[in-house]
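Please go over the structures that come below.
The two complexes that follow have chain A in common; it is paired with chain B in the first and with chain C in the second.
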Partner chain A sequence: MNNLKLVTNDFSGAQRSQKNPWLQGIRDAASERLRVLQLPTRKTEDWKYLKLEKLLANDQLDAQSMQELDSKSLEDIDELLEQSFIDGLDAYRLVFVNGVFVSQLSQHDSNPYSVLFSAASKAQQQLIVDHLDTSHNYYHDYFSSLNSAQLEDGLLINIPKDCVVDKPFYIVNLTIGEQPKTSMMRLLVIAETGSTATIIEHEDAPLKHTGMVNTVIECFVNDHAYITHSRLQLDESVTSICSHRVRQSAHSTYQQHQISLASKLKRNDLTVALRGEYASADIRGSFYGRHQQSIDNHTCMEHIVPNCTSNEVFRGLVDNEANAVFNGRIHIHPDAQKTLAELSNKNLLLSDFATINTKPELEIYADDVRCSHGATVGQIDNEALFYLQSRGIPKAEAKRILSLAFIAEIVNQLTDDNVREFVSQRSSSLFTTLQPEGAK
Partner chain B sequence: MSDNTVIDERINSKYEAGFITDVEMQTFDPGLNENVIRKISAKKNEPEFMLEWRLDAYRQWLEMERPAWAQVNYPEIDFDSIAYYSSPKSQEDAPKSLAEVDPELLRTYEKLGIPLHEQEALAGVAVDIVFDSVSIITTFKEKLAESGVIFCSLSEAVIEHPELIKKYLGSVVPVNDNFYAALNCAVFSDGSFVYIPKGVKCPMELSTYFRINEMNTGQFERTLIIADEGSYVSYLEGCTAPSRDENQLHGAVVELVALKGAQIKYSTVQNWYPGDENGKGGIYNFVTKRGICHDDAKVSWTQVETGSAITWKYPSVVLLGDNSVGEFYSVALTRNAQQADTGTKMIHLGRNTRSTIISKGISAGKGSNSYRGLVSISPKAEGARNFTQCDSLLIGDKCAANTFPYIVSKNPSAIVEHEATTSKVSDDQLFLCQQRGIDPEKAVSMIVNGFCKSVFKELPMEFAMEAGKLLEVSLEGSVG
Partner chain C sequence: MLNIKNLKANVDGKEILKGLNIDVKPGEVHAIMGPNGSGKSTLSNVLAGRDKYEATAGTITFGGKDLLALEPEDRAREGIFLAFQYPVEIPGVSNLEFLKTSLECLHAYQNKPLLSAVEFLKLAREKCKLVDLHTDFLKRGVNEGFSGGEKKRNEIMQMLMLEPKLCLLDETDSGLDIDALKVVADGINTLRSPDRAFILITHYQRLLDYVQPDFVHVLSDGQIVKSGGSELALELEDKGYSWLESGTEQSANPLKV
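The block that comes next holds the complex of A and B.
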């Protein structure tokens, strides 16, 4: 806990590397913010359900100096790593290990759209500096500022005007290493007017190694652009904190599917700012927590201009002693008339000791809008369970089937067949290890 | 299709219950310290234990910070500029019957439409009138006494029934519960006390009309209702206040204790001065209301909130016993610059506890209306059930409606449902009514009344009429 404090207050930047000096302005501004910002505590409204200090007690918040990876040690586990990628997916594969790009694992020949910050051209550098830390709600975000203050590298995906990208971007971040690692991920997506692209992000820890990832994703979806974004968090060992901010211009569409497994701590902050008329956002997520895990999803839909649409569906399964938090906020600014906003969060509690905290918020400052939100917390339907049992399916198996069916609504909407197949397999294998809970 | 002149006219309509009664008052100098508390206590001939209790609350209050989380804006309150005690002078030689009551006072009530002398004959309602801070007269006392019901002012109860006060005062809302509750504990002026004995169904609806009068007097009411095993009581609270420029602070505490199998129904109509169209003046209403349910008991809150510049109020139910039931029905209306942050807490502790929350918020003009609620299911609350519905109706493009429902569930057998919608009075509905020859003003009133119907039907008969009328007066024609 003491070293946490140390990190929070000492950001002179002196001990930080001076890599990519053109990013210095971003780092300095973030360090400046950190002088005021504090590590959130249980008194911080947005973090009140997590014992953050306890959860992070063994993690280090500043990234370890990112040494070049030993290519030899990677070769040893090469085969295993290959298995952890999504099978049969034809994509621009960009692989990061502990936040560092590894080109020998990546497949991105003939990919003119993405570039590492460190390899950016002068024009791209300007583009990056113009966009980083400019989106809604960045200012008071502690972890996002921490990421910016230590920013050395990142990935820029820039899709040119009216371009339809032929293959999805498949971005993998693996956490590997016996020693717990702390890594920073930074992703900047700029979709120019009329462009279309699919992004698949995949966080994993194939060897079940522990560590921590602090991710910041910023998406700028310009007029008429169409972005489909899948986020898969499929490890149960890595502490992950992610600030994800989307800015949409007129007539743009942003679609997100998020599949998350909880770990010691998984926190996802998603802010979608609808800044152009007729923009539409569609967010779907599911999460599953068990043992003593924690998962916390905060989403915020900022309806700033009239005539936008947002739709959000989250489903949660919580087992054992896990703690899940969902906070969905819809904020309709004055003058954002004709807004259509919907939010639904449904949760199943599978054990006597699991906890779910859900809070669907509405904040509305315009009158001609249609908003609705709903949240439910319940249990597996006894009649459905009985139905399956009466057909000879053992109780534990019946529970597994019903749990999977509960999140199937989200999983089935993954657009890519290979991704969907991969996720279904992973989740059903996960549930087979479910203990026949409630045997008593 | 709007008829803006009608809208403006109605939105700007003056507060109709705004007038000042000229009765000689006895008021302490503004300011708060231990001496003031000693003086209040002495004034009321309180026993030693009450004084100690007040002083303890005051010391704890000094350590506390005022809450800032509510979605309301107001200038900081200077607690030293408030006079903490005020009572009509004529109290010194207390009236024995209606005839002895200051005729000026009686006229006040008449203006508000509560003719006391008629009331006796009328609905059979016993009224314990609180004029500013001291109960002046209690009607129907004998009739209640026959069935063993104790209905008196709290200061009387402190002297007459110290054992009940010692046992229950502060048992539901602890002294240090929150900033305003602690302040209330220290300086509470008076209030109502009700005790319903075992198995008794209270023969009539009990009612208190509150009235804030004297300038700069914070009114710190305190109500304590104890329903013993298997009893039933329905309690009505209604308020209006004269118009003032100075902001007036009201920090009431209401405690309900429903013992095994008892039922308490608590209804409120609140129509205090809301301030002018810019929010100047008006009452600050910071209220702590909470009920506790033992086995098989039921507490039901119904409220219609149309007044006050700021409302900060969360009538809650602690469902301690098995099979207990909590209900909350609310209509909150804000217009002009009124702000309301209101809602409820349902704390499920016992098995098979049930709660229902129906909240209807209406915002017009620059009004801001927030629903803030907590449904908490503890690990032991097997089979708990909650249903929450909070709907908002927006009238005009400058108003705000917010919803902050907290749901914490720690038991897998519990079922919690939350639903919320926000909409405006639909053009289609208005058109339909107009097409059938109903003028827009009436049509809106009909639609709004329909919107609130599920809450109004929970109110006792007399109150339901009053509430409907109140809403009509406040709203008629605000939409066109």
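The block that comes next holds the complex of A and C.
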């Protein structure tokens, strides 16, 4: 705990970045916020189910420890890296290693839509400064402020008016390196009026190296824009804290599919602010935790104006002694009449020692709305298990099949065939490494 | 093939089977009939190895092996198939995946060559046709949203795929219209062979109009109280079960129950 405070106090002075001076205003404002913000403790309501102090003790919250891989070490692992990308996916591939963009691994020729902050034109710089940290104008949390205060670079995806992007953006962040390190990821998506795009984010640790990623994603979805966003968090060895904020304008659609494997600590904060009428948000997620892992998903749907729709479905699988948290908040502001908001979280406990804390929260200040929420925690259906066994399928395999079936509803909704196939294979192989009780 | 001696079994601590004896040889078709609560379903569940059905005395040998010592999956691999009275719905697992996994598990155990994906699909489609199920059913979740009749036909379809040595059909005929009943009967008759045996557990004579049993046993209060040929089923149809045991109150014609 003491260690941690030292690091975080330190950086605001001595370790402040000098790169990209035009971002200095962003960094200063965040540093200012950090003087007041505290590292969350178990007494912080939003963090109370995680032993944050314990989980973070060995990880530095300091971005300075990140380092670029030299080309020699890149060559050594080239083949391995190629295998860790989604096969057959035709996309603008943008690869980051430990938060640093790696051009050799990327395939983004003829991609006019995205640019690194460090390569931004004057106009783009202005766009970035105008948008960064504004998606959520009344609340800043500790970790996203930390990200902003240390901001050196980031990725801007700017989709012009009425443009339908021909292929998905495939953003990969790999954690590689023997020394645990913290990387900062920053993604800014600005979808102009009437534009359409698909974004696939993929976090992975192909060598199972440990580390920490502090990610901030801001998506501005303007009028009539349509964004499909898949987030694959497949890095079981990496501690990850992600603050993800979406701001939607009128008639816009934002779809998210999140597939998360837990790790020592994985925390996702998703806030969707519906700020224009007839905007629609569709959030699907599944998470899987095993061993002593933790995963915490906090979502918040801010219904600010009338006639918006949000639909949220999360499925959780928790095995061994893992700990999962799901907190889904729907906040309907006084003006947001005719809101339609639905939230469902179903969980399967695969062991007697696994924990899930699930809490749907409705906060409604308008009187003409339709809201529903539900959360369940259950176990594998013994009838289904026996049915499979009676057809010659061993108990352990039957459990595996039923576990995968539980999250299949989410996985099967991944719109891209290649992504779906990749995720299916990864989750399937994950379960084969399990040795549930009764395995022969 | 199957030899049950003095079998006693409890469900939730209550004794349901009270000393049951039956001997089934390859090629034979046995019908077990009896009133509700006589222990018919308990017998099929004990044979398949369901958890809360506990054999407290007696022996069951199947192909020379002690059946009660085997896990449910191993019983299936040895060649026992139970067509469920209430097949369970499993959303998220397609019929095709399920059948493929099941067949692979059985074939691996029985040292049979594994089918290629193409061979498997061809076989599955063929069997679907036999039980009058559209091949689209293969892509759907196991029994998910199936009607009662479709679930029963799916059980028969699985039986045709897995080609077990001993087929147990637990009230597969109940709740079926006449067309579905014929499909079920056809499925059974297709599989009849000198090295395969059947135990049809049923309440009514109806199915036996289409599948001629070699033996009919009447189960009452956990014991076989009468055995005979197929003519016994007709007699039961006529007189009901009450003439067998004065203690049980049954309608004279079980079809009116």
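Here are some notes:
As a convention for this text, the second predicted complex is superposed on the first by the 423 of 440 C-alpha atoms of A that agree within 3 Å, B and C clash if a C-alpha of one lies under 4 Å from a C-alpha of the other, contacts with A are read in each partner's own complex, and residues count from 1 in each chain.
The working rule: contacts are C-beta pairs under 8 Å (C-beta built on N, C-alpha and C of every residue); 3 or more make two chains touch, one makes a residue touch a chain.
The shown structure was predicted, so the numbers you read here are calculated from the model rather than taken from an experiment.
In the superposed model, A:V115 lies in contact with neither chain B nor chain C.
With both structures placed on the common chain, the touch criterion links A:A408 to chain C but leaves chain B unconnected. Using the contact criterion defined above for the overlaid structures, shared-chain residue A:A250 touches neither chain B nor chain C, since it reaches no partner. Using the contact criterion defined above for the overlaid structures, shared-chain residue A:T358 touches chain B, although it does not reach chain C. When the two complexes are superposed, the chain touching more residues of chain A, out of chain B and chain C, is B.
With both structures placed on the common chain, the touch criterion links A:P394 to chain C but leaves chain B unconnected. In the superposed pair of complexes, A:E383 makes contact with chain C only, with no contact to chain B. When the shared chain is aligned, chain B comes close enough to touch A:S372, but chain C does not.
Touching of chain A by both chain B and chain C, each in its own complex, is seen for no residue at all. The residues of chain A lying in touch with chain B in their complex are 45, 334-335, 337, 347, 349-379. Interface of chain C with chain A (complex): residues 48-51, 71-73, 75-77, 81-82, 84, 87-88, 90-93, 97-98, 101-102, 105-106, 109, 141-142, 158, 162.
Within the complex, the chain B residues that touch chain A are 69, 377, 379, 392, 394-424. Across the complex, chain A meets chain C through its residues 381-384, 386-395, 397-398, 401-402, 404-406, 408-409.
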